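Several structures are given next for inspection.
Same chain, two partners: subunit A is paired with subunit B first, then with subunit C.
Let's turn to the complex of A and B:
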């Protein structure tokens, strides 16, 4: 079947050993948007955060909608040093899925992201949708994911470019 | 540069059908994405768009939804299928369809399968639903077939189903 899509895999990382960070660097500007897909777990259910272009200043904010299976909630956080993507999955043998869509990442406006987290644990867990903002007009050239503990061996992150 | 998203199969209904099945899904991709636009020809009140993976079973989920008035969360375990969305029904605004996307990462891995879905309705009415659901299939077999159902009703002509394979390299 001929290639008909406009989605291209830029890079993928599968951890051969536990690591605190996963980073994509030298991201080219040849796409319209970026999509990050992360399948991960860790030992303690640490929070996964994201920083762009190694910016550690308080330039990030987010608004989140969460469901725990029994209650829905919403919250926002401003002037943060990263965007929290969601909690990791500490249940043995289970993995969680996170998607992060970054719009107009090479444009000259502040950057908006749309992210989901899916952490069902067969009787516990959570699901969430969030919008994040990075108040910076630079093109995004690197993305760093950090786990509050360590991403487990086998965690896979893939960065796609949308043409 | 090779594309990473390839259309594996599609089905846009030319006549009403109770189920749509994608079988013999090749194992040559990293992830699967299923996108659907559906409506049923009945008005049972509420009806779920559901998917059976392989022969079914071992499903649980955690859901959040909003209907324009309230937001709520729910969890369920021990299911045979995974629910995705409330279906647009025959008494909904004419020619409107619900929309859903389901993401299946690592569908051939020997791990339990995490799956996410996002489904929306909008009818220009007072109540329509938006749902984000985290699913878990506590089963390590590869996903080789997806049967899309609706509780025994008919998907109307024009309902569409697209299955994509995603390659990460």
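Let's turn to the complex of A and C:
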């Protein structure tokens, strides 16, 4: 049987020094979906946001469901300039896991994403799921993650294509 | 002494010879995920069915985008092997931006926690919901089957996000999966579901 894997690692970035942004560019259109996996910390708890195709206008929205260990909450945010993926890990040396599935990223519909975040801080933190929308029918060719408090050295992001 | 020539002339008659270096052994395949089938909505059917699913994988995943031809926020139920008996159960955790809630069903005729996954005709054009369904150990003939679903939709006005588990109280290997809209509306041509098999 030939190698017919339908999930392919397109690119991986591991930060050698703290940085505010991680960006994947020149994403080809040869897949059905994209999956972004992020292992991250910033020792502050800054918010991680995502913009697509460098669009900084108010074309994003999301609906989120979070659990903190003491309560569940939900929120809906409209007309945003980015999709908030979740809080970064506020404890130095602890790492959080985030996944972002971007569906039909090269298709003709507006772009819907499903995302998870697992942020445990040994007594605090959260687990969260969200759906996000980018109101644009263009094929996605770049993804930019931002943490205003800077992603910590060692933060790793991998972008997969799913055929 | 160095080997300077290799010949098969001395091989006994009746001994199988191989032209391939694989010599009858299965090739190593590092792939972990395979696309089994993709089905698009037709605009005239409320059901999408994956059938004749081979038993050669460890787990299955269906991924897709969803829109239907009526209503606002439709759901979809899941049936396995065409079973319409009261052999399903489910639990769910969901939020709509205002209320975080839980729910569940027992002895149901389908796994019903696909609710809120898609948009209907009353939503702005070109906006779709998203859907991921996992079925683990689907080929087992000794275990009941457990599923996990992750669905969401957002139209910059309303939204719905859901995670859920499902149970099919049957030990048969899963050979078909049907997704059925909850309100009888039809999957539009913007709907696409893809079935993947996973190993490892």
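Odds and ends about this structure:
The definition used in the following text is that the second predicted complex is superposed on the first by the 158 of 163 C-alpha atoms of A that agree within 3 Å, B and C clash if a C-alpha of one lies under 4 Å from a C-alpha of the other, contacts with A are read in each partner's own complex, and residues count from 1 in each chain.
Going forward, contacts are C-beta pairs under 8 Å (C-beta built on N, C-alpha and C of every residue); 3 or more make two chains touch, one makes a residue touch a chain.
The shown structure was predicted, so the numbers you read here are calculated from the model rather than taken from an experiment.
Once the two complexes are overlaid through subunit A, subunit B and subunit C clash, as defined at the top of the document. In the superposed model, A:113 makes contact with subunit C only, not with subunit B.
With both structures placed on the common chain, the touch criterion links A:17 to neither subunit B nor subunit C. In the superposition on chain A, A:137 makes contact with subunit C only, not with subunit B.
Touch criterion not met for A:26: it reaches neither subunit B nor subunit C. Touch criterion met: A:63 reaches subunit C, while subunit B stays clear of it. In the superposition on chain A, A:156 makes contact with subunit B only, not with subunit C. When the two complexes are overlaid on their common chain A, residue A:72 makes contact with subunit B and with subunit C alike.
Judged by the touch definition given at the top, the superposed model places A:122 against subunit B, while subunit C stays out of reach. When the shared chain is aligned, subunit B comes close enough to touch A:96, but subunit C does not.
Only one segment of subunit B in 25-33, 61-69, 79-87 or 133-141 runs into subunit C in the superposed model, and that segment is 61-69.
Of the residues of subunit A, those at positions 1, 3-7, 65, 72, 74, 116, 129 touch subunit B in one of the two structures and subunit C in the other. Against subunit B, the residues of subunit A that register as touching in their complex are 1, 3-9, 12, 37, 39, 65-72, 74, 89, 93-97, 99, 116-129, 156, 158, 160. Remark: subunit A residues 1-7, 32-33, 61-65, 72-76, 78-79, 101, 103-104, 107-110, 112-114, 116, 129-133, 135, 137, 162-163 touch subunit C in the complex.
Taken in their complex, subunit C has these residues touching subunit A: 26-27, 29-35, 38, 63-65, 67, 93-100, 126-130, 132, 150-163, 190, 192, 194, 196. Within the complex formed with subunit A, the subunit B residues making contact are 1-7, 30-31, 60-66, 71-75, 77, 103, 105-106, 111-112, 114-116, 118, 132-136, 138, 164, 166-169.
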